[in-house]
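Mind having a look at this structure? Questions to follow.
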Amino acid sequence: MTSLGIGLIGTGYMGKCHALAWNAVAAVFGDVARPRLAVLAEHSQELADRKAQELGFARATGDWRTVVTDPAVDVVSITTPNAFHPEMAIAALEAGKHVWCEKPMATRLPDAERMLAAACASGKVAALGYNYIQNPIIRLIRHLLDDGEIGEVNHVRLEMDEDFMADPEALFYWKSEASSGHGALDDFGVHALSLIRVLFGGVRRVCGQMAKPYADRPVQGGGRRAVETYDIATTLIELETGASGVIALNRSAWGRKGRIFMQLFGSKGTIVYDQERMNEVQLYTVDGLTDRQGFRTILTGPQHPPYDRFIPAPGHGLGFNDLKVIECRELIRRLDGERAHLIEFEDGICIERTVDAIARSAHEGRWVEVEGR
Amino acid sequence: MTSLGIGLIGTGYMGKCHALAWNAVAAVFGDVARPRLAVLAEHSQELADRKAQELGFARATGDWRTVVTDPAVDVVSITTPNAFHPEMAIAALEAGKHVWCEKPMATRLPDAERMLAAACASGKVAALGYNYIQNPIIRLIRHLLDDGEIGEVNHVRLEMDEDFMADPEALFYWKSEASSGHGALDDFGVHALSLIRVLFGGVRRVCGQMAKPYADRPVQGGGRRAVETYDIATTLIELETGASGVIALNRSAWGRKGRIFMQLFGSKGTIVYDQERMNEVQLYTVDGLTDRQGFRTILTGPQHPPYDRFIPAPGHGLGFNDLKVIECRELIRRLDGERAHLIEFEDGICIERTVDAIARSAHEGRWVEVEGR
Amino acid sequence: MTSLGIGLIGTGYMGKCHALAWNAVAAVFGDVARPRLAVLAEHSQELADRKAQELGFARATGDWRTVVTDPAVDVVSITTPNAFHPEMAIAALEAGKHVWCEKPMATRLPDAERMLAAACASGKVAALGYNYIQNPIIRLIRHLLDDGEIGEVNHVRLEMDEDFMADPEALFYWKSEASSGHGALDDFGVHALSLIRVLFGGVRRVCGQMAKPYADRPVQGGGRRAVETYDIATTLIELETGASGVIALNRSAWGRKGRIFMQLFGSKGTIVYDQERMNEVQLYTVDGLTDRQGFRTILTGPQHPPYDRFIPAPGHGLGFNDLKVIECRELIRRLDGERAHLIEFEDGICIERTVDAIARSAHEGRWVEVEGR
Amino acid sequence: MTSLGIGLIGTGYMGKCHALAWNAVAAVFGDVARPRLAVLAEHSQELADRKAQELGFARATGDWRTVVTDPAVDVVSITTPNAFHPEMAIAALEAGKHVWCEKPMATRLPDAERMLAAACASGKVAALGYNYIQNPIIRLIRHLLDDGEIGEVNHVRLEMDEDFMADPEALFYWKSEASSGHGALDDFGVHALSLIRVLFGGVRRVCGQMAKPYADRPVQGGGRRAVETYDIATTLIELETGASGVIALNRSAWGRKGRIFMQLFGSKGTIVYDQERMNEVQLYTVDGLTDRQGFRTILTGPQHPPYDRFIPAPGHGLGFNDLKVIECRELIRRLDGERAHLIEFEDGICIERTVDAIARSAHEGRWVEVEGR
């Protein structure tokens, strides 16, 4: 076990989340060397210094470029706003560093394609931060699918809903500007797509609909401005496996706080998952006497690795931040040349291409094939 | 209060359900005259005699035509297989009887249109049996919407799932034959559409997808036969109100027994309903302190009429059959010239036209406008 | 199948409920003769006449004694206030009628003992109205226990909560007077005890606590009056089987509407039931792989007789009033000399004796043995 | 902000949990100096060395006494088996260190009393590890109570259930030996009591019952041995506030993994909490229109401090280990002379005395007053 040198760019929420993960991974898992938190970058030296102290990094810089070239750094965590990902990730890869970049890859598909090219050229590991797939429950679901517990999945429904855009009188801000992207589709649709990716692989065809619940919003200082993005997106899908389905996204869904509701219908059973109760999954199988069949609520526990590395007793509950620690361990596994449960640029680009296809299908009112899926 | 004379055609489950309702309506509500259960028809005199005894009807016949012309009959309950509805309903209306016909109107749209024409020509009441809309919870939802409790509804999701077609090794039977209709779409999609009808009115545009989870099924005696109907149907929708949404139907959804899951997203709140827990509704509103907001589970009680006519205490629960008693009372209200909560042929035909549009859109892979919505 | 002649005394909610059951039992079950609704009594002839019309009874009387002696009557339904039960039930039994009396037997234990003596002397059937035990779910639970599905039950917890006494500013009325009984204990504790009776048999020892959430209540016209009954009662129990447990009753439990929450812990599994979701039961068993165990929510369906007689499809839900129809069928079964799922006076008296023991134990602050359990 | 020097004794699960908390507290909260992880003790130098590397401690020792006297240490985390707490805590306090000791204080009440005396004599902070009270939901509940949101609480029910002793054929081990304590009562009853402590203060009187679901258990090598502890404990309680209630504990409750179910009934509403869904709480209040009242499920979010320090978005979920980080922050607050949400020895001893009273009341079959509550 050699100790990895870590560079971190960005110290907002996701930066903190990466830092917590790098800090905790050795203690939680007990089977990796404690990483060296080498250097951290923020837009000013002052802020960087303060954050380095809080987050436990040895050095700090106001210039992110010094991170990617620092000889003490093996892996660069990139947690800046999405628009900065391409430049930073490509620079790091070209400097021979491994990259752990928050999702999505970029705000425009061509940039994401360039990132993939840089990763391929570098021969380095280029991983994406897709927390939700790291829930032990999601691995359990994959095991259940692999075991044929619910037979062949023929239909899937995925909903992702939050309410941070639900207030019609909230002030217009950048998330309502076209420059920020399509709206709910890329803002968090990628999470839904990441789950489909790890559970089922590619999406073949899509037929989307995007909607604006509110035509305009008040502007600071008075007046109203037309909303340019779509807070709601729904799409019919057809998977590579042949299964049909639907993905429904709504970031103006009052009362939903972090809901990702997934229903997987198979020939021998059904699996239901709700991210707002992330320590549970429901499983229905056609077993035993018909008068005692029902959806079973499975609580996570040590039987669902790597829950056991966090808590030895079942039913006590992991939290959202713990998922990042798991992702961090998977990244290290990958760096060690092992098989890891991780979305790398090769898979990430398929997610971005699917987003692009959905947006086009919605604008053109027709089914669109996903290319390079 | 004059006592109505009742004729019943068909004594399968829905016939029994109508009979129970006619038997109970006076006792439950206490404000209508006890109906006279005059005559009942089955395909043989012998079966008819037995059923008349069980269900409390005075006379019995093996010929349904004698029911529609019987002078003692004011209202004809039609509960035979769907293919018989048009002939029977039209005959009854032409004989000057009111009609209470189970959903859907017919197996083919032109027949339904003829039924509507007959109803208009007759000047009689022609009501359809759409039980689910009679749940006091659905009326509460309508009140909540009318009160603006969740503001303007901008997005709706409706799922209807059962598992009676979920077993891939169940023998091929008539529900898999093309002659039975499209599949999940008309087999129970009409229920979902009935809820949309009473809550929101018309559907403007649809874009559907229909799928076969199993390509073929075993045939009695050996071999397999290709399935001709679609056990799964999903459709993007746009309502007349401008709201977007999706309807997802699956009659091969293992574990789902009578699920109708409805999510109504508004500018000030959200309503969630699950038919499998038909005595509950969930309501989220943006009121009060932000640290104590949440989905509220409202249990039905005497505050939700006409629950109070069944049970004086809250939380004790109505059953599915009780909904028919409520529908019966609404029909009597309508016959008395009052405003009733009921789907008559005028509304029923809009549901059938929407089904037709969804099927076409699915076959053609494009959005279709619903005509005469 | 001979047709039973029915007499009904009392037409409040439970009288209506009995009438609905007598009206529906033949149609629902299809295997019993349609009862003759012979005569009904109310305290005035006028009210009796009106109710007879509503409820479908042939005759009406203002004198209940004419019901118990009427030659056309085989069974007398007694649904008057509890204080009247002894006199009426004894008169009916002495007149050679079968009795179907609402729970509890009486307001004082000696009266209940006299009722039991009269029943024994008469040789007639004397049944009590304990609706909750008629839920198909409760029968399923008994089957599960008999099958050893959860092994030997070693601990039980039963809660029964409603909120009709929860408002501290509600006016003082008879339920707060000592003459009405102990309070929550006998007001609805008997329901909890009826479930224990049919599932486990006798209660050996009890140690109760009774509490008054509100010392006094406002009196109509002004001032306040001290509350004399206990809206809360909790008792430790030890069953004849040796299992330990607790029964907790609260009729001032805000938000609880008809909750009866039952947890049965066994050596191989656990059963959980909540009356507010009366069409569901939860079952945990130690089967299969440990990573996929969990509480299974079983929805009622045709596999749970006699649900099938009401509705042929699963998951559609029975209501509270349907339980009375089931009880009615069980009573007829008993009258036909068959084994029935019913609480008769012999069992009812054990429930009353347990109530008495709990009250004494609470007053004396010690464990009390239940006699004649 | 001065940096605290930390010593840790014991590196089992709770030791790891303390280490993770000391590692994360500065990064999570951003308002405390990063603690110096000075020295860690295990029973061998070799294990200690390995753990120091994993957990990020600078030095390691095989002798815990060197930790309590180390000048670089300000606070000693004690996470060894309960029997060792008194000696270690007293030594640390006498050496002038602050102590953070896992619950319970000791295995015998006199030892706990000695610990309290040592804490008082030292003038140092002596805190106990009672994780569950640190859930932001518990703080929210306290705010709700303080705000009078549910009026005056007049009845409480608390259940704590797990299934680690549920298998009757699991081998006899130390938890079934009398030397380990009473059983469920002290093994985890203290958690239930800690919640009552922070929400309501003292317990006045108790009347307990303890039960053995299984009389004996198999012994390794053959034969069976009589179980000496009580896996089930139930107690009636009366709080200092006058509220009545019950606490039910079961460590052989199949299917329950980490359930702490709490029902608080007040004069204006009810609060319900289930630790297995630790990011939710249910609140019923008597507000607004009666037809739309219900239990509201509140999901934790940034409105519930200090959730916001972990995650800026609501509904994403904290985990069990996060509670230790919060406890750590509270301890630092206390060390800084601020008011903290923490159970110190003064309160901890009241919990131990209550446990003792319950055990005595169960053995003597009578109500017992809690002394020094």
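Should a chain be cited, it is by its letter among A, B, C and D, assigned in written order, with residues numbered from 1 in that chain.
Going forward, a contact is a pair of C-beta atoms (placed from the backbone, for glycine too) under 8 Å apart; a residue touches a chain by one contact, two chains touch by 3 or more.
These are the chains along with the protein names UniProt gives them: A, B, C, D = Putative dehydrogenase.
It should be emphasised that the depicted structure is a prediction, and the values quoted were computed from it without experimental measurement.
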Count of contact steps on the shortest path from chain B (Putative dehydrogenase) to chain D (Putative dehydrogenase):
1
Farthest from chain C (Putative dehydrogenase) in C-alpha centre terms, which chain would that be?
A
Chain centre separation (chain C (Putative dehydrogenase), chain D (Putative dehydrogenase); CA means) in Å
41
Based only on mean CA positions, could you tell me how far chain A (Putative dehydrogenase) sits from chain C (Putative dehydrogenase) in angstrom?
53
Go ahead and note the Å separation of the Cα centroids belonging to chain B (Putative dehydrogenase) and chain C (Putative dehydrogenase).
34
Multi-partner residues of chain D (Putative dehydrogenase) (each touching 2 or more other chains)
256, 293-295, 299, 301
Help me check something: in the complex, which residues belonging to chain A (Putative dehydrogenase) touch chain C (Putative dehydrogenase)?
140, 143-144, 149, 282-283, 290-299, 301, 303-304
Touching residues on chain B (Putative dehydrogenase), where the partner in the complex is chain A (Putative dehydrogenase):
150-151, 154-155, 157, 159, 166-168, 207, 209, 211, 213-214, 232, 234, 236, 238, 244-246, 248, 250, 252-256, 265-270, 284-286, 293-295, 365-367
Chain A (Putative dehydrogenase) contact footprint on chain D (Putative dehydrogenase) (complex, rising order)
13, 16, 19-20, 23-24, 26-28, 30, 33-34, 53-56, 162, 164, 256-259, 276-280, 299, 301, 310-322
